[in-house]
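Chains: A, B, C and D, in written order; residue numbering restarts at 1 for each.
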Amino acid sequence: METIEDRQKEIIQEFGMFDDWMQKYEYIIELGKDLPVIEQEFKTEDHLIKGCQSKVWLHADFGADGMVRFTADSDAIITKGLVSLVIRVLDGMNGQDIAQSDLHFVNDIGLTSHLSPTRSNGLASMIKQMKIYGMLAANQQPQP
Amino acid sequence: METIEDRQKEIIQEFGMFDDWMQKYEYIIELGKDLPVIEQEFKTEDHLIKGCQSKVWLHADFGADGMVRFTADSDAIITKGLVSLVIRVLDGMNGQDIAQSDLHFVNDIGLTSHLSPTRSNGLASMIKQMKIYGMLAANQQPQP
Amino acid sequence: MDDVVSIGAVEKIRKHFPILQQEVNGKPLIYFDNAATSQKPLSVIESITEYYQEYNSNIHRGVHHLANIATGKFESTRQKVADFLGTDDLGEIIFTSGTTDSINLVAQAWGRLNIHSGDEILVSELEHHSNIVPWQILAQEKNAIIKVIPVTDKGEWDLSNLEELLSERTKIVAVNHVSNALGTINPIEIIINRSRQVGAKILIDGAQSVVHFEVNVKSIDCDFYCFSAHKLYGPTGVGVLYGKREVLESMAPYRGGGEMIKTVSFKGTTYNELPHKFEAGTPNIEGIIAFGSAIDFATSLDKDWVQFHEKQLLDTATTFLQEIEGMKIYGTSAQKVSVVSFLVDGIHPYDLGTLLDQQGIAVRTGHHCTQPLMERFKIPGTVRASFAIYNSIEEVNIFADALRKSVKMLR
Amino acid sequence: MDDVVSIGAVEKIRKHFPILQQEVNGKPLIYFDNAATSQKPLSVIESITEYYQEYNSNIHRGVHHLANIATGKFESTRQKVADFLGTDDLGEIIFTSGTTDSINLVAQAWGRLNIHSGDEILVSELEHHSNIVPWQILAQEKNAIIKVIPVTDKGEWDLSNLEELLSERTKIVAVNHVSNALGTINPIEIIINRSRQVGAKILIDGAQSVVHFEVNVKSIDCDFYCFSAHKLYGPTGVGVLYGKREVLESMAPYRGGGEMIKTVSFKGTTYNELPHKFEAGTPNIEGIIAFGSAIDFATSLDKDWVQFHEKQLLDTATTFLQEIEGMKIYGTSAQKVSVVSFLVDGIHPYDLGTLLDQQGIAVRTGHHCTQPLMERFKIPGTVRASFAIYNSIEEVNIFADALRKSVKMLR
């Protein structure tokens, strides 16, 4: 089975193909357009991630096997693309693995140094929230 | 009779003899020590000139002929020396002449550019006050 | 004045601004975020260096050489500001740390003495947060009421109900000279005239005006005028509060400390004369001295050329923007400074800002500290391009291409 | 550490301070006015130039490259200040425009909520005006009482009646860490300990301490600690307020404006999180970034050497001063920083200052913004020489000669 690490490597490889950031953004935007949209009912205040100029809603479904499924949306397409990258890495993974994951790909593809501080903060907040969900799932807590 | 202008020229000439400011200050200090001291009864709040780190008391006596006599004191000796220079120029002069005088010697001997702003302000305040006394004397106002 | 003259002039002016000679993301920097803060000419940067290398010293009350030079230069900026605003009275020029600080000073030092329960404060819907929140804090404390001049679809004041908004209870009218979010030049004369009739005091937030056109506080006849040095080629951390002498004299002190006192004793303290009464503590000495150089720079510019050039930048940008499908420009008054705020249908302003930045172009996105105005237009924010004298028509054209490309990518 | 090491070290340090390489009145500048403001190392001056030439931009909420760099550097100073003061919580570090501003912030934003009629505020007789007047303004508004810790002939706190000065009514104790006029290092631990017992909050005015020795706000356990960048090798117009998170959170905002809000609406405004809640408007961006370099410089110094060298400067000066006839030194505590305040019998301090300046030596004369302290000693002011790490023993010896000469001239 594919691990979180495998998926990160895939993304790093993909991003290695681009010559400049405009191309990377083009790809991120495409990813954003493809992101399966969150159910309307979850686009509420308590699904909102703080710390961004754009809005991000995140929802998690816990499987009985400790597996977590994420859906998300954003009003900004680049943000959505970034969100979709993280989801691609963590979606369907085991709660425990999510909670303990080290998402080094964000750094490796140059996002950390390239994004604006507000955007980085937003991304970091989202990853943190996903890890919390992972932890909850691992502890077999009822779904929030 | 000696005019205000004559007296200024004298001072400018005297100061022209010094090579540096330490010598000028030495001279100013000597002048300060020699200044005839104001009567104790005039060392009051309303004889105080504002705008100086040191205190300056100034008193004026009006003669019947429109002539003004100044006495003054200061708690700082350099200030006293400066005061004594101005008094030397204006003392015993006609009120009208005092009021209209242009004390260019202050500038000519380099005091304007050399003194600290507080001290310059203090000196300017004193000169202004002396001119006011001159005007009062010229108008034959009763002595303040 | 024709294009050629203008291009030559811009090239000459750009030489004064070292920051403009750089690349961002591999593209020449195009700085269109001037309403947030202006860039600084070399003369301003050099005056800071000179200060620190030659005569840095705490000012006032010093007897030594360095303190004397510093005090002289510091006070000479006050003279320059007085000349710049058209007052002869140096006591009317208070240095603060910025427009925000100036407005808070008035809201506290004037407001707490003069605003009572049920009194009214009139602001407008297009104010910057800095000209809203200080009044809200005051109103909350005093149980006073904030009234709001609404804004039309064009981004202008709707003065049709001004009579109802103003009353005997209106104690102060605090409004913007130029809107930072939209660029609208507001008809402050009308407001001032009508406010005088009900006896209200008038504060003008001039943060966005002084860099674009001349302001004379005496002919405007306002009680307070505020602006920041950093939007006028000067350093950050420096602001001006102009106040009419009689009004300033009637006010309580704002901050207590060194400089603002005459005598301090535990039996009772007396305050210093204007302007020092409102300048407690060590001021931003270096900043205020450098601000003097900024004013020198600003006043050395040919006013007609500035107007001409800024209008050309605005018109060129407005024309190309209107050609983009789904474009909506916010702020379409005929009276505007060189600021253009817009949104493209279905595209988040943040995404546009990001892609423009990739192409070396600095614009601002978001609510521009004017949330009530965004609420009025029911938008989360805009993309704002604000142009300065050192921007060129060529830069606007590059912006046009970059924007078209970005819109295409995001659709 | 012997003299030779020390001389070598001073020479090395002086190279960092370009201002020291000049002549004043034909004599090499000797700058002994460090307690008024310190000189700045080249790294600080360069970081200002770099800011303006490379990445000047308004911070926070920007999406573009320059704004990102500026925001990053700005916030990194906050981290440096937190490390410098020994807290992990960046929300506890508020940037202000100086010590005076910091104290006023507390007096207003904390004081107006917590001080009521009949409450007591405890200060000491040796406070700077900046730590007296804000409390007087507050006390007058709230009908509160200011109590004063007296000072002994040696210029130390007289704590013999501390029990009577402190009571259940004491709501805040606001005192000086180091006296700017006398140099005394005050035993704040004792005061803090006893103040805690009556439940009072504690503000320490650290304007004169941080440049001389290390301060850890967590081990001191104060509620507030204030200082100015300009006395710590940094620029003017920048100050720090450290506050305990829970205390800061309980406080009302001080200034209203941009940055300090979460949402603004005429229906109601909500405030931002710490530290931004207290930082309204565009801050002194350039100054705060350069302050980061100043802290880097300060922390790069060998603490032991600083202590050793400053003590040597103080001891050398004290020894020669005592040999002058009619000399009286004010502030003779064993716990002192490198500051010496004095008067010579029958000679006005202003005259001494003037003649020293003629000889290239910058000292401060006057009341040093401590009029109640001057009143206590029944003097109009003093001559104050304050020494910094870049001063040399040789300079102190030149000072000795110049002072003797001046005294002779004035007698």
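Here is the rule we go by: contacts are C-beta pairs under 8 Å (C-beta built on N, C-alpha and C of every residue); 3 or more make two chains touch, one makes a residue touch a chain.
If you're wondering where the values come from, they're calculated on a predicted model, not measured in any experiment.
Between the chain pairs A-D and B-D, more C-beta pairs are in contact across B-D. One simple way to say how far apart two chains are is to compare their mean CA positions; for chain B and chain C this gives 47 Å.
Centre-to-centre separation of chain C and chain D, using mean CA positions: 31 Å. Centre-to-centre separation of chain B and chain D, using mean CA positions: 40 Å.
Residues of chain A in contact with at least two other chains: 53, 116, 119. Residues of chain D in contact with at least two other chains: 25, 61-64, 67, 350, 354, 357, 365-366. Contact between chains, per the stated criterion, is found for A-C, A-D, B-C, B-D, C-D.
In the complex of the two chains, the chain B residues touching chain C come out as 53, 116-119. Every residue of chain C that touches chain A in the complex is listed here, in rising order: 25-26, 347-348, 350-351, 354-355, 357-359, 365-366, 380-381, 409-410.
Those residues of chain B whose C-beta lies close enough to touch chain D in the complex are 20-22, 25-26, 29, 53-54, 75-79, 116, 119. Within the complex formed with chain D, the residues of chain C that make contact are 18-19, 22, 24-25, 29, 31, 33, 36-37, 39-40, 44-45, 48-49, 52-58, 61-67, 97-101, 103-104, 107-108, 128-130, 132-137, 146, 148, 228, 230, 235-238, 252-253, 255-258, 260-261, 263-266, 269, 280-287, 350, 353-354, 356-357, 361-366, 369, 371-372, 375.
Interface residues of chain D, counted against chain A in their complex, comprise 60-64, 67-68, 71-72, 75.
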